[in-house]
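Residue numbering begins at 1 within each chain, and the chains themselves are lettered A, B, C, D and E in the order written.
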Amino acid sequence: MPDEAQPDGKEEGGASAPAGAKAPPAQDLRELVEREYAGAVLEQTAYKDLASEATLVVRMDALVQAGALLRDHPSARFRLLSDLTAVHYPGDERPFHVVYHLYSFDHNRRLRLKVKARDGEQVPSVVPVWGGANWMEREVYDLFGVSFKGHPDLRRILLPEDWGSHPLRKDYPLEGRGERVYTKPRRKEFGD
Amino acid sequence: MGIAVEAVIALVKIAVVLGVVSLVVAYLTYLERKIIAHIQQRLGPMRVGWHGLLQPIADGAKLFLKEDIIPDKADKVVFVIAPIMVLVPAFVVYSVLPFSSTFYITQVNIGIFFILAVSSLGVFGIVMAGWASNSKYSLLGALRSAAQMLSYEIFLGFSIIGPLMLAGSLNMQKIVEAQSDVWFVFYQPLAFVVFFIAALAETNRVPFDLPEAETELVAGFHTEYSGMKFAFFFLAEYASIMVVSTVAVTLFFGGWQGIGWIPLPGFVWYVLKLGAMIFVFIWIRATLPRYRYDQLMRLGWKFMFPLVMANIFLTGLVKFLFL
Amino acid sequence: MELAFFYLFAAGIVGASLLMVTRANVIHAALLLVLAFLFMAGLFVLAGAEFLAGVQILIYAGGIMVLYLFSIMLMNVGVAVRLRQWHRQSVLALAAAVLLGAEVWAVLGRGGYPGAKAWGWGLGQTPGNVEALGEVLYTKFLFPFEVASILLLAAMIGAIVLAKREITR
Amino acid sequence: MVPLTHYLALGAILFLIGAAGVLMRRNAIMILLSIELMLNSVNITFVGFARQWADLTGQVFAIFVIAVAACEAAVGLAILISLNRDRQMMNVDEINLLKW
Amino acid sequence: MFEVESSTRVERSSVVPGTEELIINMGPQHPSTHGVLRVILRLDGETVKDCDCDIGFLHRGTEKIGENITYTMFIPYTDRLDYIAAPSSNLAWVTAVEKLFGWEIPMRAHYIRTLVAEFSRISSHLLWLATHALDIGAMTVFLWCFREREMVLDLFEHAFGARLTVNAFRLGGLFQDVPQKFLDLSQEFADLFPGRIGDYETLLTDNRIWLQRTRGVGVISADDAIDLSLTGPILRGSGVRWDIRRAQPYAAYPYLDFVVPVGENGDVYDRYLVRIEEMRQSTRIIQQCLAQLPKGPVSCKVPRTIKPPAGEVYHSIENPKGEFGFYIVSDGSETPYRVRIRPPSFVNLGGLKKLALGGLVADVVAIIGSIDIVLGECDR
């Protein structure tokens, strides 16, 4: 399976690469983050290869700073937030893992950031770092009920405004009436 | 009893012209569908009659029998009057068109002026329809069409001044007679270009079909119309295509005058030229995308207006110096 | 015949304008005014002023009234209909209008106009009054004509300046 | 041949209707429309006189009246639109400030 | 004394709301929102002052379904995500799962997958071009594009027995080898198609009205595009030469030669040019695939019950619309613990507000067309 990164320097980056930002990719991203914010990275898993499956679990209060650092540091440059989602582990102490998939054009590699949140705990919003997180965080809020601190416009996005529950949680009933009560939404225009 | 006979003759003429024009306009829709279909490499209507020849009649019957819906919150009186207001001016204009050297309903000495004036009333129907429907899309369409038709009427009016200066009359027959040697399109190419663009805009055709832009305003001013009322708008559009094509043929292509020695009756020449003109209208619809509202206005006021003014000035100068 | 048509048109004009003045909905009023103008154009044709009839339709009905409708649609009429329609002084105004009417009636009743002169052009006669009108307009009344065009220009500039919005962006 | 008095009477009636409209209505657009009606009543008398005396001056003046009406409509509507935009008012008895 | 008061009348007219502002609900049944998208526009005259998307009309809970069925059973569901380019979605899922398992796929399967994925790209781009041109008013392009799209769908029918939701691939390769007729017809299509692209371009590329409607409309800079996570032709239209087929190749792409086109100005026109050029490149790839197609089996050995190791994987491919990815968390059982679909349309549509503000209504139509959304995958 050819999923090794192809060293094809002239193809990537292109017009978007700012001047003088090319630096060799950091070998250990944990070290990079820890140098700036000590204790920010809680664990590092599945470090199979640089290209795809590197995972850092970040402390929640350091998330935004670490994100900004990873975005701007010349040897990281994770400028694209490919994906933002969550996973629900109902038994855990911190059941909601919010997962960020980052991509670096300069070094052609991916990084997975994770934040673990308690039920009802607010995760800091990364919209200031990656603008594309706006809708993705709204979706996580909609489907998991994880709310984001500092999000500019946190509304439900896929489900009706007053769905009342969050279907991607593992405890969401798959049949029967359960929580799937749908009432006619109040008419709403342009946010609140 | 002279006046009664005259009145009867006039009524018969009106009936004939109205009947023929209605039929022709209905078949214009068929023609358009067929031509566009073949440009787009498909067949178009094929089911009703031989090669779909009875399609317009079937369409008419369908529209006639359709339920006529008036929206609940619409202004009912205005809503009902609007399609009539669109259709009537489009047909009234036929009363002064010269179909051949002998066949016309009436001759008015302000002929072309009359056409301009009456066809300028069509915009009322559109504005009324857009406003009375009480729908935002319709209102936007009505606003657009008010601005568009008001502006382009000006260019239309100015563009015909050049040929009129050459003909020295407003009477349609005299204008045609003045072109017995050379068609005015050769003297007045600029005027013709402006006239044609303005005519496209006046009849709400692509690329100026902003008032009804299906993909932006759904259908613009006639979004809420159905059945016969919708058919009225449709008929009016094609009737005005006929009118502007006739005016173009009359003003620029010598009306019913033939080319050289080919012996054909005037009416045939008229129909041939009209057909060519209408074909160009349809061809353009199949080819071009739609302008944006501001671009339409810019094209009008910054390009066509100076052009047509220069044309009038030049025509006057040449006429003053050499004639 | 001519008189019958005159009465027809006159009735149309008066009826439409009476309705127009009393409408609460401004759009209806404007449309009724258009109707009155169309009748008026007919009246002009009757009086041998074909060119003026054309101008009446083209400029008044097709131009000015569309401008009115356009502006009215830009403003919100829906609410305006529910407002009080009549001015506080309206009873007084009505009285004044009736008085003025009585006076006009009295003056008109005295009559005494010189007889009609021959009319060189008229309904259906081909030379038409367009040429004649153009002749008069561009010779005898050339100066007023030019003044009118200056007036139009001034009005255009004024309207643009008045209705223009401050560009904030 | 329509007698001159008919034209004059029609003109007078329209003028009165228009004047009553101007004085009685609150809505500024209605007032403008009434003014248009008054201008047209004058046109009718002009045309009537032109007919009576076979003189085109009346018709020429009617054309000038239409030009003036166009100016009036443009400027009047511009004022109304800017008023409506800034102050949201359309009624003349509320427009009582000289500046804002 | 002269009061003509009526108690129902309102005295002050100050209740008249501000003029010229209009809130328009574009959709969910609007001809140019391309599905059940509702865009709420606040207009000042014709200028867009605010823009808000209301999506979710087509939400079917696909991710939740994925957590409750096996890996194989989920393949048909991926068809219904980006139903315009169904094989592309299939490819994303099977490659993601194969990455989770660590399977090696036979070369022939790789090539056929690439071939079909490129056909799906062409089909998707044709539908995009058709509707986009129709939105801007060019009617003929619409029907021309559908003529060619019909040919592509016929090809799918030859290979997989279905036209739209083809269920093309299986875990480990293909269900069976494609018939020879499919390959012949593919060759025929690949020879014919560049000329047809030329036909579309004749109508649009140098058309003055088309230029006026698309140039300088919906401009987004490369930095903004990256910030908003826009991917696919929008990102490339802004000048970022990034294509997952080239940057992190999958299937047979490492062995194929093709160019990644980029735009300069990031406007609707550049996105149009990029997609047109991508269709050409897709044709090139198809030619190469057909020429290099190796012989051999089309599937690796697949166990009867598929139980992956516990772990997580993120894998994305270059869908016609952008980065289409799957994030799969496995707990070692037969069903995934969590299936996350990374939808390109959803993320790209998030940039609509940025693109549309300050433009005119007609521009919104052009911009939605140039984003190229499909609501099946946006709403999931």
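The rule is simple: a contact is a pair of C-beta atoms (placed from the backbone, for glycine too) under 8 Å apart; a residue touches a chain by one contact, two chains touch by 3 or more.
This structure is a prediction, so every number in the text was calculated from the model and none was measured.
With C-D and B-E as the two chain pairs, more C-beta contacts join C-D.
Using mean Cα coordinates as chain centres, the one most removed from chain B is A.
Centroid analysis (C-alpha atoms only) places A farthest from chain C.
Taking each chain's centre as the average of its CA atoms, chain B and chain E sit 42 Å apart.
Per-chain CA centroids place chain A at a distance of 59 Å from chain B.
Here the CA centre of chain A is 69 Å from the CA centre of chain C. As a whole-number value, the distance joining the C-alpha centres of chain A and chain E reads 22 Å. Residues of chain E found to touch two or more other chains are 13, 16-17, 19-20, 23. Among the residues of chain B, those in touch with two or more other chains are 139.
Counting partner chains per residue, chain C shows two or more touched chains at residues 51, 55, 63, 67, 74-75, 80, 83-86, 88-90, 92. Interface residues of chain E, counted against chain B in their complex, comprise 22-24, 30-32, 43, 46, 133-140, 143-144, 147, 203-204, 207, 209-210, 212-213, 360-363, 365.
Within the complex formed with chain E, the residues of chain B that make contact are 36, 39-42, 136-137, 139-140, 144, 206-207, 209-210, 213-218, 285-295. The part of chain A that touches chain E in the complex is made up of residues 1-3, 5-6, 8, 11-16, 46, 51-53, 55, 79-83, 85, 87-88, 99, 101, 105, 108, 110, 112, 130-136, 139, 143, 157-160, 167-168, 172, 174, 189-191.
Here chain E touches chain A in the complex through residues 23, 40, 42, 50, 52, 55-56, 59, 61, 63-64, 68, 95, 98-99, 102-105, 222-224, 226-231, 238-243, 246-250, 254, 260, 262, 311-316, 323, 325, 327, 329, 337-338, 340, 342, 346-347, 349-351, 379-380, going by the rule given at the top.
Those residues of chain B whose C-beta lies close enough to touch chain C in the complex are 75, 78, 107-110, 113-114, 116-118, 120-121, 123-124, 127-128, 131, 139, 142-143, 146-147, 149-150, 153, 157, 170-171.
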